[in-house]
Every structure is written in structure tokens, then in C-alpha cells.
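You will see two complexes here that share subunit A, one where it goes with subunit B and one where it goes with subunit C.
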Partner chain A sequence: MKKYKIHILSIIGAFALLTSCGNNNGQNSSNGALNASAAEKMYVAPGEQDEFYAFMSGGYSGNLTVYGLPSGRMFKEIPVFSQFPTSGYGYSEETKPMLNTSHGFVPWDDSHHPDISQTNGELDGRWIFINGNNTPRIARISLSTFETEEIIEVPNSAGNHSSSFITENTEYVVAGTRFSVPIPQRDMPISDYKGNFKGSLSFISVDPEHGHMDIKFQLMLPGFNYDLSHPGRGKSHGWFFFTTYNTEEAHTLQEVNASQNDKDFIAAVNWKKIEEYVNNGGGTKMPANYAHNVYDESTHTATTTMKKEVVTVDPLKVPGAVYFLPTPKSPHGCDVDPSGEYIIGNGKLSADLTVHSFDNMIAAIEAEKFDGEAYGIPILKFEDVLAGTVKSGGLGPLHTEFDGKGNAYTTFFISSEVVKWKLGSWEVLDRKPSYYSVGHLMIPGGNSRKPFGKYVVALNKITKDRYLPVGPEMEHSAQLYDISGEKMELIYDFPTHGEPHYAAGIPAEILAPKAKKIYRLDENKHPYAINNPSEARVTRDGNEVHIYMSTIRSHFTPDNIEGIKVGDKVYFHITNHEQDFDVPHGFAMIGQNTSELLIMPGQTKTSVWEPKQVGVWPFYCTDFCSALHQEMQGYVRVSPASSNIELSWSLGD
Partner chain B sequence: MKKASILMIIGSLLLLGLFIYPLWNIQLGAPQYPEPLGMNIYINGIKGQSEFDIQNIDGLNHYIGMKTLPKPSDMWEFTVFPIVIGSMAALGVIIGLFAFFKKVNHRWFLGWFVVMTILGILGMYDFNAWMVDYGTNLDPNAIMKLQNPDGTPMSYKPPLLGHKKLLNFDAYSYPRLGGYLMGLGMLLTLVAFFVGKRSKKNAI
Partner chain C sequence: MRTIGKFAFLFTVGILISCGGKEEKKEERIQIGQKPKVESIKVEEPTSDEVPASKRITLDNKGVGEIKNLELPATIDNAMVERGAALFKTNCTACHKIGKRFIGPSPSGIMERRSPEWIMNMILDPQLMVAEDRCAKDLLVEFNGAAMANQNMTKEQARDILEYFRTLK
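After this line comes the complex of A and B, so read on.
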């Protein structure tokens, strides 16, 4: 009977809408935002290009996806921490080393927080960094090739979550541990956590020219959980701020046991001071074992170096390096406004946002107004550092970004909304619902001195009914709000790939002109590359066979190969001789126990095949390269292991 | 006459622009080539408008059996044209200097202009003949053999001047800066003739 009533009401409601002047077009309140003017705002006509790039972390996809704003169109999935059969990343001989770690080959990770390189606190668009959360790693991705160029493993870390945020001149990419662990790792009772586990914060230097990463030092802090972080900027440049939870140091049922303290901390780290200390020979060289994987664009090949040492720093040996700022309550996001003055603790289990003042913090430090200490690290008085509290009326603030016009935008997970508020007066200016349970949000440049405050993208954790149903598992949903006016306006909904935890945006005009179109064949230094089809050949070394092969529309050279035997390990080294934009060739061999290859113009990639059966086996191009794509194919004759058929190869006889 | 002689010298020298800038340009645009492929034709060879355009044009042309674009050593024109242009520029400058010092009269300017025009027409004729051969003398084993509606084999000759549709491609053929400079130079030598003629009349 109750349900029946609701139906009656909704029919009456629909009737009312249909008859009311006709400009609502029967939309109900949950999708009514998509009116004609909203459509105009996000509409990018066919052939037109977007105003911004948006890089969305893939979460459990382990990758990074590239979108356009405001259209919400996806342009590319960049493989980072996960094998990617589409291109052969992590399957090709050249890229397998990218996924090496001290635990061996790890084909997956949970990628979280992309951050674009900066110069003087502004986005410069050279690289984007992202963290692997599960097996702690930091990746650097080129923003001219949009490919992963480097991955460094972070030792003494576990749940690499307060990462990968960069300082304002890309001096460091910073990686903090979520789990505290025994350092060094050892066999000990879990219940001895308290006082024995440590939390490491790693400062990884970035070479200004090539971007190569190197762990400069690891700061060993008390065994809390370090959740998120952000750099100081402007006047607070030289500092880094980390939110913590589980200051209770609970080792079990953290859901409850790590949620007891009214206040946890924001750790303020004066990295300039520690850098100076390390440069003067400070710190302890500690044995370690971690992988450093570098992809060389000229050889198209990655190599792994196992590093055996890391410099650790005991904060108590560097007076004035670390302070704790009490912050309610299990704060998640730790965000710094464009001026560098305000440090925002998004107290995820509270209703309020806590804003600390950098100036107040410095004054309190200088006056030595401490409120005790934790493991020897001074705790500042909450009231002394507080700039203000945003009484939002929402629940579960997670993450704040800025529009560069004096406003801040905070996601509220529990109350499922985005709240706009004013820096300084702390008043709430606007609030809009999100669909549903927004995690993080992104304003292009929102984590820099110069945000481009035109759009905010909300990255939601729950999708439910936003799109056509596709079974229990579905993609996450993003919402795009226009924030150019006084009030936010929801203008678009679009699904995102994986689970974007964070995103980074940048104006297209910074990146688009320097995006690479091809790799130059004359710069290809791959040891198995051939520069000319006349160099195509097949060589044997024991049971290892190397095929030097080239592709150009629309044939492989060679395309007939004989003399391969069962038990051989056959390496197809394929060089794409095209020098034309967007003409990749693919390669796939029947029965191969690996993925295909997708080879860009001028590039060389290698695929291994271990034939197990006698026969004549075909291979073909998997990318529709031309009108003769379907003819782009060849055969390999596989003879018995005992056969004495000589190697031979040909094209067009 | 001094003014006319200077015009003659400048006009002749403008020919030398052909050693720096292309004489002609042919562009091929298609839906899949929003940035058209193009070739710049210099008096001493053909270069891609973008670095890899020649390779990419040849790559496409192999489908319809066209020959690859000629390298400088493949065509005598690319050796002879620079000599002809260099000689004509030098000759024009010498005539101008002689006229400046009143050793020759303005009719030499016209003479130079006529010779240059004849050479230019011969050059265009030769260029067109090469394009006819290039566009019609196709590999009998071509991947795609297309015919006109009347059954004759389709020609892929680019236009000598202007626009022509070749299958999915729009071909555009126009002079480039070197060609324009040559035209301007020739025009100046003609002007020099008339200026010289008038100054002579005034002198009488």
C-alpha cells in the first residue's frame, strides 16, 4: 500500500513537471542539472579539442588514464604499475624490467596520487609522478611521450600512500608510508608494534634535466600511519606536511582502535633543514634492497638496478626539523593553499575542517610554545597554530583544492557533497551534492601556486544508478562542476577507469604542443633494431633464435621463416619503420604465452615465443594499419627438435 | 638609365632566391592527413615539407604503383637547373653593369628577359612531362589498379598549377617563395627595359 502511494505521487509529480511551462523537459531533480546551458559548457564539438588534460589515477588498475576537460573524453590509458596486454607493456622483453622489485616481478599495483612537475610552484608539464601503493614504488611518466620512464621502489615503506607529491621546483617527489613497519624488517610479534614500528617518509630527489629519481633520505618517524601530504609553497617552501592517523599505534581493529584520539597530527617537516644535514654528511647509511627501473627512450628498453643502501635520518638528530600540529580527527587530505599560508587538515571522522596557519606555526616554534612531545618530537599547541575552522555542516571531509581566487573546495565523503568555502573568513559559500560519496576532487593546477579555477572534477567512490546497469561491478563515476561563477554548477557525469583516487589537471596549451608524434628511426639505439629492411635476418645461438624484423605498410620483413625447431626460444625483435604520425603496427603469434606487441613508428619491441608443436604457424599485424592490413601476415615453419633444416628467411621470394 | 640598370641587377639577383627557397610546392591532403603531406621542389632536388613527407608520400604511392620520388642524382634537371639559373643571374648582373656604364643599351634587358622566359617555359614543360610520367607510368603489379569510368587507367598526375582531386587526396600545386622571387625578378628586368627605353627617349 505504501509503495502504491509513492507511485501515485510520482505520477502526479511527473504530470506537474510536464505541464509546467515545458522547460524542464520532465527531468527530475537528480538529473535536472543537465540543462541546455550545462550541455553547452561541456560540449566539445567534433574535431575540436579540450581545454585541459586531466590525469586520473587508476587505483586498482595500477595505471594512469588521460582525459580531456570539459568533455570527459578518455584519450589514453598509460600503463604504469600493471602489465598492459594492449601495448605489451610488462610483457615485452624491453618493458618487463619496469615491474621488477625486491620481491621479484610484481605485475600489478594500486596507483593513487598523480602530481605534475612544477617550476616556481607552477605546473611545467615535464613529467607526471604517481605512487604504487601496495608494493611501494614511485613512477615518473614523460609528458612528451606519455609513457612510463622510470619506477623506483621505496624500501622501509608499506602502503605507499602519502605520496607522490612534489616540491615546488620538483626538487623532490615525496613518498610517505601508510603502514608503519619494523625497520629494518624482522621477525617480531605484531603486538609489539607500539614504540617499535616506524613510519618512514622518503624524499626522492629528481634530476632537473632527465628527471631521474634517487632516494636522498628517509626520515624515520614514530609508528603512526602517514595518510596524505602536500608541499609548502611560496613562503612555506622548504616544508612538507603529512597527515597522520592511528597515533594510537593500534595494530588490530584499527577501525575502532585507531579512531580513539580526538586529535591526530599533521607532521610538519622542514626538509630543507634535513637536506642540509644530509649534504653535510648527516644521516645513517642503512643496508637496503630496492629496484630502480629506468626506461631509455633511445634504446626503447628498460633496465633494473638493485640498490643496496639508503640514507636514513633520525629526526631527533636534526633539531627543528619536525613538529607535530594537533589536528582533529584522523585527517585524510593535507592540503596547502596557493599562497602557502594555510595548511588544511581534512578531518575525515569529524564534521569540521581544521586550517592551520604557517605564520602561526613559525611564531609558535620560535616562541618554543610546545604542548609536550611524541617520541621526542615537539607538539605545538592546537590553539597556537590554528587559523580557523570551517564549520561546514557536512560530514567526512577528505580533500581540498583551490581555485586561485581565494576559495577552497572540499569533498565530503559521508555527506556526499562538494563544499565551496572562503579562505580567511572560513564561511561556506556553496554546496552541491555528488553522486555518490566523493573521494577526491581536482582543479587543474589546484595543488600549485597557480590554479586554473574553471572546473572541478569530483571523483566518486560509489556509482550505483548513474549509468546503464552492467552487473555488480562497474566503473567509478566522476562529476564535472563549472566553478567559474559564484555557485558551482554540475555540468557533466562521466565514468572513469579503475578507481581514480586523485587526479592532476593542466591546460592543454602547455602539453599539446610538445607531445611526441613518432620516435625517430635514426635515433633508435635498440641493440636489435634494424634501420633498413635489408638488414633483416635470423640468427641462432644454441636454442635461442633472434629474428630481426621490420614492418612498414603493409608487410613484415621477413614474412617467411624456416629452420625454427620445437624447444627453441624465439625472440621477435620488431622495428616499425614508419615515420608517419599514428601508424603503429602490431604483432601477434599464434599460441604465444604472452601478449601482443604494439610498436610505435620508429620503435623496436621484442616478443618471445617458445614453439611447442611442429607445424607452420602464422603471425599477423594486430593494428589496422592500412587498407592492406589484413594482408600483413607471415608464417614460421617449426620443425622437430631433431631436424637439421637450416635457418632461412625471405620476403616476396 | 642608371635607375634601369639597377633594376636589372636587382631583378637578376632575385633569381638567386631559388638556391635558398623552393620553386614549387605540391601538397596532398586527405581525411587521414589533416596536416597535408607536401613536397617542396627546389632547383636542385625535392624535399619533404615536413621531415618525413617524402618517405610517407612514397609509402602511399606504392599502393598505386607510382615510382618513388626522384633523388637529385636520378634527374639531370637537378644538376642543370642550378647552372642555368646561376648563369642567367650572372649574365643579368653583367648586362646591368655594362648598361650602368653605358656599354650596352636597354634592349639587352629585353633580350635577357626573352631568353629567361623561353627557359622558364621549357622548364615548366619539362616539369609537366615528368609529372605525366610519374602519374601515369605505373607498376603493372601495383596493389590497386584503378580505372576511369571509360576503362582507361587512372592517372595520378598532380596538377601543374592549382587543385586536383586524386582519389581520397586533394592535390594542390603552387609556386613557393623561390618561384615568386624569380617571377618578381623577371618582372623587374622587364620594368628595367621600359624604364631604360623611356630614359633614352628623354635623353633624345
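After this line comes the complex of A and C, so read on.
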């Protein structure tokens, strides 16, 4: 094996020599992706597998995409907040409830910040959470089935952006509002915003066994914008930190009016203290209306429960629960280093980074060194909590991640670069351009006590000339840097789907061994599942017809159905009797006002069809399943509404 | 090393397939407008005087896979039969019907044609069998290219199904 590597290296070396003589269009060698050694670093040979999974949020696609690192190959798009015809998610009868909200069925959202569950501050790979930004929701996705299992709506929230971040034992997934709103919602003049609107920070408990989410409490803070957040860890475990902007409480032309104050705040929330307060009966039960959608893996079916109450907490009633840390220039990202000591405020309109010290903060609180208050919440003195400032020379810092070796990496949106700097000395160690206008960045485990500091992915907002042009709209670019050495090296550049805001990465060895391959037929508890083809049947109840159907390579049982009438509502309940990895069957019916279904081995899914025309109408399998896939089809005879033809069904006779 | 092994294997399979392919020959004209019936589909006769795979007796062939040797006790275990029948019903009847040719052959009388090892290997890894076992490959051709599905049975489950097959005459 080693011998091979030497051969490959020498070949690549020779290639590098050759190409370095040629014209490389004026791009210098710091564009590491052009180097043959960079090619070797990201190359994953056919049949080999990647070292890391990367989960990229889909932004306005509403979904979550799964990539491999370092190859940049995309493996899957997991539907979360959006209908997804590829699998039938949000179209099948079983998954429609996943998209229910207090506003009715909302088939889309804007997904932003995935975060993987943790135990003792380290990634445990059970679930990944992600926020829906527009109609505030938090989703939980299983990391064994890679399917969305639960979505909870967040009431009293708007622009659910400082979400969804996980405490270090997954006690809570936290969701903060970006936009403040009247709470409860009511008819009032917009111009009365100041002092009347509120910002809610929701702490959603996660059941340690099943992962089920429940809003434990909502903290009602002043009407600022709560932009991003991160949990404390290690010694700061029990605290949560939120950046704010628009402390001006402007309600119009925020572009100007929310940028007046020289400093905004990082809100430090002692959630352990509030949890104790709520456990002792504190807080106010407030009427609310929000959807809780849970998908049951054994019935393959989601159900919606409308919840009618939420516990709210007034911060002034829990002394010592919330403090404001002044932070310059409308801070965006709020990041906590692996030790839990440093809280980084990325002042997006600044050139510098502000780093607060947790120890300093505690000392200042204990000494009661306050610099006034905002709506009764104590403000600490900037100088008292400051640990240091990173003078980067870049412009527009947004987000910071950590490599676990004492270094931090910060993206600069305006100057399009990633800057590496040292925690403690605040010196800048390296900087590399990104292409272009980088937003978040991701180091696998970068939001935990134990980062895997081998690669950083920069998630860029603007693509322009990086790829072949495909009209005005381009997929966003991501750049992969090797950070194992002293200097960062750009080794690859690949397109991503939708708009990945944040991402989360995890070593493949944690997830791959427990990835589910099939659903076991003997564990299928779907009420319309059939266990074997002899149970296949068609039943009628008024104009509602239920077809109990099964599939296996390569036929449907039954495949000839008669006695359906115009005006019927026909439910195809299809159970895939395959028990082999990666053998789904599809189902599509001509003229159906919904999407196809893709049914995994051992799974049952239901599709509705309301035939409007008399005739004999075919259905077929949409997934090329075998050499006889083209034969996998059937017919439904549709008779006039007045017809007396009895229901009948058959296969092969 | 592994790669070379794989290539050699694929190459061999390639040769095997190309040789086997000569045996099939459709002599019927395309027929239109007839009433098809699964039962009445005429089995293609191989050009050689070889017996069709479904009728061949291959009791000496243990097939390819993890079951190398299996001695069946003289008496039939009824508890196993019961479990095997239930497993067969759920996992196999979509393609195999008792006493009737369907997508695949009927298991009736299979114990007189195939060795217990061959049957279990076929249940446990049909893909490997089709790639490496002559009889399994010929069956695939005889049955229209309808590849047998791997139903992810455990060894114990496959053994239960085998016990059930012992009761089918």
C-alpha cells in the first residue's frame, strides 16, 4: 500500500513539474486546487469512501444535503421543510402532516443551521437538528435513516435565525427569534415597535432516548434582533450566548437605522438557572397554538398535534439569569471555543473581532460591575469582559470555527477570505482568499469540545466565474481547505445545492456503521401494510377506495384493478416487500395531482388519486429496479360514476 | 492485489456469460393478440439436449456461499417448519407459488432436485450464486432474467425455510 503511494506521488510530482511550466492563466500557486498535491489530498478513488460526512443546510431549498469530505461528492438531499417529489415527502399521505403549522400546510421553508447531537460536548451522531427560518420551526433528523423524524413549530418567534444550536448533552436545542414581534400577536401600529415588541428565545428540551422535542420555556427579551447563538461548553456549560443587533429597535430602513449604535450586545443566558426556576413552578403559562409533527418509524407515518400552551419567562423575575455584553458593530456570528472560555463576537460592520472571556464575565457579575441596564437587564462593562481583539486587517467578519489545536478560523464576507488566528495571543497566522463573499465555514465537530481539525469548508455566497455559466442563477460554491499544516491550503472547489448557510461535519466512522439499510418487514406497523401478497386487496367505503398493494422485483400485486369509478378517492397503500439494501420501488399513476412515491425496502407509503376520466389507466414503477423494470406496471379500469361493475383485482390471471 | 483479484473474477464471469449466452435461442415468432397466461408460457428449450435448469437434478452441487456442509436430521422439526412457512409467506410468495411456476420456480419437490446447501446459499446470497453457480445462472436465464431478491434472511431463518421445503412434495 505504501509503495503505491510513493508511485502515485512520483507520478503526480512529475505531472506537477510538467504543468508548472505551462501557462496557468495568471493564477498563482496559492490557488492550491491547481496543485497536483492538492488533487491527491481530495481524491477519493472509485470504490473508496470519504473520511467525513458534511451536512449542508439547503437555505431556500428548505432541505439538508449530505456530502462527503474531502471529495465534495453529494450523496443525498434529505427533505426537511419542503415537499420533495423525488421521494414523495410532503406528498404521501404519511408525510403530509410533517409540514403542518398553525398557518396550515406550509410546503417550504428556509433552512439555515444544522447541528449534530452531542454527549459530553462531543458529537454522538444520533440526530441532526435544523431550523426553518421563515415559519419558525425546528426539525430533528435521524442519523440512522437520514430522514426527518420530527418538526416542532416555535410560537412567538419570527425569522427563526439564532437556531438550532445544541447544548453539550443535547439537553436543549435552542431557537431564538431574529425579528421581534408583538407577543402575543395583535393588531397594533408598526411605529409603536419600541418598547412593545419582544424577542423570544426558546429552549426546546430533547428527550434523551427518542429525541422528542418539547418547548420547555421561552425567555422574553427586549425587542432586539437575535442573530446567532452558541452554547457554552466545559466550564461555561449551562450558559448560552446570543448576538443581538438593532438594539436601536428600529422598525423601518434597518439597513441604516439598525446600525447607529457603536455597540450592540451579546446576551449571556444562564439557562440552568432558568430551568431550575421553571422546574420549581416558575414562568407563565401562555395560550399559544403551534404544531408538533412526529414521524413514527414503525408505522412509517407522521401525526400532527396542535399544542395550545407555552411557558414564558420574564428575565427580570429570575435574577442572575441574563446579562448583556457590549460588542461592537452589529455582531453576527456568536462562537464559543472548545474550552468554553472564549466567546467571539463577529462584528459584521467592523474589521476586528471581539473576544470576551467567560472567566472575566463571571468575575464582573460577582463584583456587580454593571454599566447600566437595558429594560432591567444588567449591562456589563465592555472592558471588564473583553479578553482581546483580533486585528485582522480583513473586513466584515461573520463566523468563527476552531480546530481543537488552539487556532480559530474566521470568515470575512466583505474582503472574501478565511483568516486563521491564535486563541489567547490574538495574532493572525494565515489568510487565504475565498471565492467569493464567504458566509459560514465548517470544521467537522467545530461546534463541540472536540473538533476534527483536518479540513475547513468555506460556504460562499457568490459564485460568478468559478464554474461554467448556467444562466443568471448559479449554485453556491464551497471551498475546501486543508488545515492540517501551519498554513491553510485551498484544495478543492465544489458547487452546493440551494444556499448552504451553516453546515455540520462528522467523521464517517461514527455514522456509517449504524446507517440503516432496510426497514424490516416484520417490524412494519403501518395500518395499511400487507405482510404478504395474499393479503393484497381492494376495499370500498362509499366513494373511498383503499388498494392494499405490494411490490417486489418486478411486479405490483395486484396489477389489474377494476370497479373504480369517476369521483372515487383512491388510496394506493403500497408495501415494498424487498428486504435488500438499496432496492426501492417507485409508484406513479397517470394524471395524479401529486408526486410519485419512492418506497424503501420494507416500507409502506400511500398515494391518493382521484380519477376524473373514464378509461383504462396505467401506473408504473419509477425506479429502475431490475432487468424487468420496464415490465413493472399495471392498469386501473375507471368506469362511469353510475357503473355497477364490482371491485376486482388480480395478478397474472 | 484485491483489485487484480476482482478483475480476474469479472473477466472469468464475462467469459462464462458469453459462453452461456449461446444456449438461449427464441424460435417462436412474436405473437400478438394472444391471451397470455403465466402458466402457459412455453419454456424455451435449450438448443443442446441439456435438461432445463428447473428440471435438472443437481444434488451433488452445494452451490457457492457460506453454507459448505449441512446434514439434515432424519426427522422433520415442526416448530422450524411453522416458522419457515410464515417466513416463506412474507418474503417469498410474491414470486414463488407452491405447486405452480410463477415469477420463479415452485419450491415443491425442490429437495429432490437441489442439495440443502445449494438452497440455503441461494436464499442467503442469490447475487453471488447467479455470478458463480452454473445452475443458478441457468435458472435466471430460464426465468426471463427475473433476478431472485435477497430478502436479508439470517442463516437460522433460511434454515427454517429449508425445513418447510422438506414438507413440500
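The rule is short, and it goes like this: the second predicted complex is superposed on the first by the 620 of 653 C-alpha atoms of A that agree within 3 Å, B and C clash if a C-alpha of one lies under 4 Å from a C-alpha of the other, contacts with A are read in each partner's own complex, and residues count from 1 in each chain.
Throughout what follows, contacts are C-beta pairs under 8 Å (C-beta built on N, C-alpha and C of every residue); 3 or more make two chains touch, one makes a residue touch a chain.
Just so it is clear, the structure is predicted and the values come from calculations on it, not from any experiment.
Peer 1: Following superposition onto subunit A, is the placement of subunit B relative to subunit C best described as a clash or a fit?
Peer 2: clash
Peer 1: Applying the touch criterion given at the start, work out whether A:E209 contacts subunit B, subunit C, both or neither, answering first, second, both or neither.
Peer 2: A:E209 sits against neither subunit B nor subunit C.
Peer 1: Identify the partner contact of A:E523: answer first if only subunit B is touched, second if only subunit C is, both if each is, neither if none is.
Peer 2: Once the two structures are laid over each other on A, A:E523 reaches no partner at all.
Peer 1: Going by the contact rule set out at the top, does A:D541 touch subunit B (first), subunit C (second), both, or neither?
Peer 2: Once the two structures are laid over each other on A, A:D541 reaches no partner at all.
Peer 1: Based on the superposed arrangement, let me know which partner A:I552 touches: subunit B (first), subunit C (second), both, or neither?
Peer 2: both
Peer 1: Check the residue A:A627 against both partner chains and state whether it touches subunit B (first), subunit C (second), both, or neither.
Peer 2: It touches subunit B and subunit C both.
Peer 1: Looking only at subunit A, is it subunit B or subunit C that touches more of its residues?
Peer 2: C
Peer 1: Superposition on A: which subunit B stretch among 9-17, 99-107, 153-161 or 189-197 collides with subunit C?
Peer 2: Superposition on chain A puts subunit C right on top of 153-161.
Peer 1: Please identify the positions on subunit A that touch both subunit B and subunit C, taking each partner from its own complex.
Peer 2: 518, 552-553, 578-581, 626-628
Peer 1: Which subunit B residues qualify as touching subunit A in the complex?
Peer 2: Interface residues on the subunit B side: 35, 51-52, 55-56, 59, 63, 143-144.
Peer 1: Going by the contact rule set out above, which residues of subunit A touch subunit B in the complex?
Peer 2: 518, 552-553, 578-581, 626-628
Peer 1: Could you please specify the touching residues of subunit A with respect to subunit C in the complex?
Peer 2: The touching residues are 518, 521-522, 531-534, 550, 552-555, 557, 577-581, 583, 626-628, 652-653.
Peer 1: Across the complex, what residues on subunit C touch subunit A?
Peer 2: 37-38, 89-91, 93-95, 102-103, 144-147, 149-153
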